[in-house]
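Chain lettering (A, B, C and D) follows the sequence in which the chains are written, and residue indices restart at 1 in each chain.
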Amino acid sequence: MNTPAGPADRLVILGVAESDAHAVANQLITMQLQSHGFTVLNLGVCTPLSDFADAHDRHPHAEAVLIGSLNGHAHQDLRTLPELRAAGRLRCPVIVGGNLSVGSRKAGTDRQRLLDLGVDHLLADAGGLVLLLDMLHAARAAELQHG
Amino acid sequence: MNTPAGPADRLVILGVAESDAHAVANQLITMQLQSHGFTVLNLGVCTPLSDFADAHDRHPHAEAVLIGSLNGHAHQDLRTLPELRAAGRLRCPVIVGGNLSVGSRKAGTDRQRLLDLGVDHLLADAGGLVLLLDMLHAARAAELQHG
Amino acid sequence: MAELHGLQLDDRIAAELPDWEAIVAHLRTRRPVAEVLRQAAAGGRPLVQPRCGVGGHREMVELLRALEPAGPGVLSVTIDSHTRLRHFDTAAELLARNPADLNGYPLVAHGWQRGRELAAAVDVPLEVRHGSPDGRELFAVALAAGLTSYEGGGIGYNLPYSKNVPLGHSLRAWQQVDAVCGVLAAEGVLIDRELFGTLTAVLVPPSVSLAVTVLEAVAAAREGVRCLSIAYPQGGEIHQDVAALRAVRTLAARYLDPGIEVHPVLHEFMGVFPRTRSYADLLILHGGLLARLGGATKVISKTHQEAYGIPDAEANADGIRTAALGACELLDFVRIDEDRVSEEQHWIEREVAELVDPVLNEPALLPAIEAAFAAGRLDIPFSASVHAHSRVVPRRDACGAIRYAGVGALPFSAAVLRRHADLLAPAPGARERSPFEAATADIRYFLDNEDRFHSSTPHRTRSEPPQRF
Amino acid sequence: MAELHGLQLDDRIAAELPDWEAIVAHLRTRRPVAEVLRQAAAGGRPLVQPRCGVGGHREMVELLRALEPAGPGVLSVTIDSHTRLRHFDTAAELLARNPADLNGYPLVAHGWQRGRELAAAVDVPLEVRHGSPDGRELFAVALAAGLTSYEGGGIGYNLPYSKNVPLGHSLRAWQQVDAVCGVLAAEGVLIDRELFGTLTAVLVPPSVSLAVTVLEAVAAAREGVRCLSIAYPQGGEIHQDVAALRAVRTLAARYLDPGIEVHPVLHEFMGVFPRTRSYADLLILHGGLLARLGGATKVISKTHQEAYGIPDAEANADGIRTAALGACELLDFVRIDEDRVSEEQHWIEREVAELVDPVLNEPALLPAIEAAFAAGRLDIPFSASVHAHSRVVPRRDACGAIRYAGVGALPFSAAVLRRHADLLAPAPGARERSPFEAATADIRYFLDNEDRFHSSTPHRTRSEPPQRF
């Protein structure tokens, strides 16, 4: 049986989308994940998607790439995800959270077009983040075991 | 030529509808009309329509009967107007003013059903009252002259 | 006339009621309003209560349920005008024909069983708010329904609410109501009795309001009432209003047995209300703040639809929240000029004493009240009733506070008269206004403030006259 | 790189602009924001300005026209994030594809001619609000458009708004902007320059905000700027906030030439905003009141949709009105504990002096600022940029005021450090919180207040988490 990696080995890549300078949630999430034993590679604000891909190339064992977007520009800032994926990059779960479109009334289509880009998970709140990472981790462990 | 009666002879009958105790507008309108030279027979609040008719019987030369209604009960309180009119009473202009139905959004039907009872004029505000009385007065003078 | 424990009632209505023991037994199962008031008083923040009443029963249940989530401490069963005037048949007829045409809930026509359903529909306890010169039948039905708070009094529910009910009649009708509350109190069932110091609501000088409620309170206490809510209507000048609310407690201490629970209640501004939502909301919030600063136990909220008509449930719920926000922690920092408040309070208390002491010094209270109104030694402005002289002429001073421009036969001392004259002395060179102009301006006070606010910047839109039909 | 009167610009953008004389001639025809500010300052009531910007040109014209009737003193052209970061091409591309996807108005992509159309669409003058570490091109376009007020500075528009723009770069970019304003001022054309003391907006200690704006103000004044608006973000504890706003004037008197017009500006609470309309409105009103009490010339309003996303026009107009109501006559009676305010102001001024005096004592200002941030002797919390240490740890005390739990390398005196430690001393027996817990609670301060308000009565509904996609 394949023991899942202990928390100490759990690395995530975190950052804020390219046009977005909102730093507070980013820093809080870092504290939160670290307190749960994660190693956080925090790329900070205003990070182009290609920088996330570069970081993932350097750290292929990262469990997930976590991208915050609050300024409403999530879709534009993640537009190159299909290209990068087609080129075989960012092949880990991409989790996007924050405030994902412009305006105070959100349409279901805002959500859908991000999923269409290939974003794997959307979270409004960071509260559920550790749970999601644990589930993904368990699922991968199970896959490795049975697959 | 028939000279219209001077203001000193101009009498109006004023009061508030049967179920209604709102006194302030009633007292202000009295002051207002008096300052324009009218003689005001003020029946006060909570005045059944039959009391207006009795007063008009006693003062048949009254130019108009002015009824205030603020509590929303105008229609119920004036329901006997057709009966009284059929009996030949209250044969002068009946002017109703105030807040004429229950609720903060008014429907056009609220207005119509009062007109259907035979109310001659509806005013939201007492501001236009003297003007209306003067117009009715002038019209009656013209009628007397030509008729 | 039938009788329910000293309460003389119309036979037909009395016949429908359960017997006295059953009424008392049911009342014992209810959480009394008095308890909720006591908690609020201890907590230091006023509870909020809306006015609310619609004709239909199902609609009334829905209304109460819609308002409860806004957080009122007490909910109202506001009664329609026909029922108030004991036109129970008209109310019943209209209820059958078109309940939406009623401007309140006709509790007598619905009957006490439905009253119990209302009380059961929400957790918050209910008060009956009406305006009945003679509220005995309504009270009996309310008691049978298990309602533990009842508004009204022999002066405050007569003079503003009817044309020609003699004061002797209304005072004795309310004496019977109070006596029943006294009996219940002795049996351990506390009924909160709220006194309507609001009167005609428009430009009521604080000492007129307080004199009336002090006299009603003394009368009620003599019948054994143990829990009194004493309402004062917001006039609009905050130092005067805070002083008046605080005076409720000092006057109660002076004129009532200390064993009686007394709760000052603020009625949010009851005059001509602003028309724009934003300014109306500010005034509602301001009332909540005033209630806290004045130490009120309860505040009766208004709504941003006040100028237009009976509010819908959403506006009413918003009003409750807005009033509560005015009294909430975020504004706890607010201080007020306490010297000015003390000065006002001193004079208000003195004026009240000058009005009520001669009456209380008479051997028999109710006849003395009647005689004082007959002589104009007690009086209210804009009386609806012929049984008050209405020779009191209220006028706003330069700060907006309500003063006496005329006192009729009120027995004020020279010092009091001089103070009011001084406060109303026109600014040098000011144009003289006719009484009509002055009254209109004073009544439209907040409308004018609102217009000034909205036109203070060049492009801001002004308020529109309300659409009323 | 092209040049417009000392302003080094991207060639492509410079090529589109009218020549300098034409720009100045047009500016002379516009009513300057500085004049509007001067009037408000004289009137004693803050003017209100909303943030507002949408992608499309027609939509932007409509938005400005929709907001004007709410009575703002100045309107904003809030710029989208791409333009702020000088990604002019991305902004132009998105504008062509889907303008509604832009979180502001891409003025550079639209061009100065359309900017003039915006200015002509309303009578109220416009300010450009953005967040550009290097705002030179945007400034040139704004000037050409005839806009007379421009927000930003080399520190406040760098550290919160970008990851890796060296301070030396942004300071020199803004030096050029200020120098152009200086030239214009000398020619009699006054440009109002607003400094963004709001920084990262979340838990910014007053002395951090004021230290940054004092340094930027001194730098601007040295380039000849004659009208400065100095913005401070509402922290939430009113005595501290009033003190900070009043300190703007005392600090200006201490550090600036008296001939320079200085206007304190309040940014209504910029942190995590309440979610229910009623509580959000209270906070907006409270900000208006604070602005008046603190003597601000201007208040930047928020909306009840703040927690949800960029507001629609109606919510934005409501926010303008609500903020104005907080500063209106009806609340002129409000007093505040002046001793507490003075005490706060004394310490704020002292802290600012301890932060800025060493920097101002250096021979060259801009390098000294750069060096101080590099050494952590100047610092901001939650920096977006790697060019501040972000070792300042802000924490709310028991009253909600923002204190320093950690100062990194800020050169505070022992007295200052002791005071903050004392104010943050945990209540005896209090459970220790992790830094994450403490930060989260402090950031959610008004959310928690709001929840407490809504659950203070048993049946009141609590706020729901905002729907964000």
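Keep in mind that, in the parts below, a residue touches a chain if its C-beta (ideal position, glycine included) is under 8 Å from a C-beta of that chain, and two chains touch if they have at least 3 such contacts.
Chains and their UniProt names: A, B, C, D = Methylaspartate mutase.
None of the values given here were measured: they were computed from a predicted structure.
Using the average of C-alpha coordinates as each chain's centre, B ends up farthest from subunit D (Methylaspartate mutase).
Distance between chain centres (mean CA atoms), subunit B (Methylaspartate mutase) to subunit C (Methylaspartate mutase): 31 Å. Averaged C-alpha coordinates give centres for subunit C (Methylaspartate mutase) and subunit D (Methylaspartate mutase) that are 47 Å from one another. Centre-to-centre, using mean CA coordinates, subunit B (Methylaspartate mutase) is 60 Å away from subunit D (Methylaspartate mutase).
Computed from the mean C-alpha positions, the centre of subunit A (Methylaspartate mutase) lies at a distance of 74 Å from the centre of subunit B (Methylaspartate mutase).
The residues of subunit C (Methylaspartate mutase) never reach two or more other chains; the list is empty. Interchain contacts link the chains end to end along an open line, per the touch definition above. Listed by label, the pairs of touching chains are A-D, B-C, C-D. By the touch rule above, subunit C (Methylaspartate mutase) contacts subunit D (Methylaspartate mutase) in their complex via residues 45, 47, 68-73, 122-124, 238-239, 278-279, 281-283, 285-286, 318, 321-322, 324-325, 328-331, 333-337, 449, 452-454, 456-461. Of all residues in subunit B (Methylaspartate mutase), only 19-24, 27-28, 31-32, 35, 44-47, 71-73, 75-76, 98-106, 110-111, 114, 122, 124-125 touch subunit C (Methylaspartate mutase) in the complex they form. The part of subunit C (Methylaspartate mutase) that touches subunit B (Methylaspartate mutase) in the complex is made up of residues 81-82, 85, 87, 90, 94, 100-103, 131, 160-164, 200, 202, 305, 308-312, 315, 382-384, 386, 390, 434-436, 439-440, 443, 465-469.
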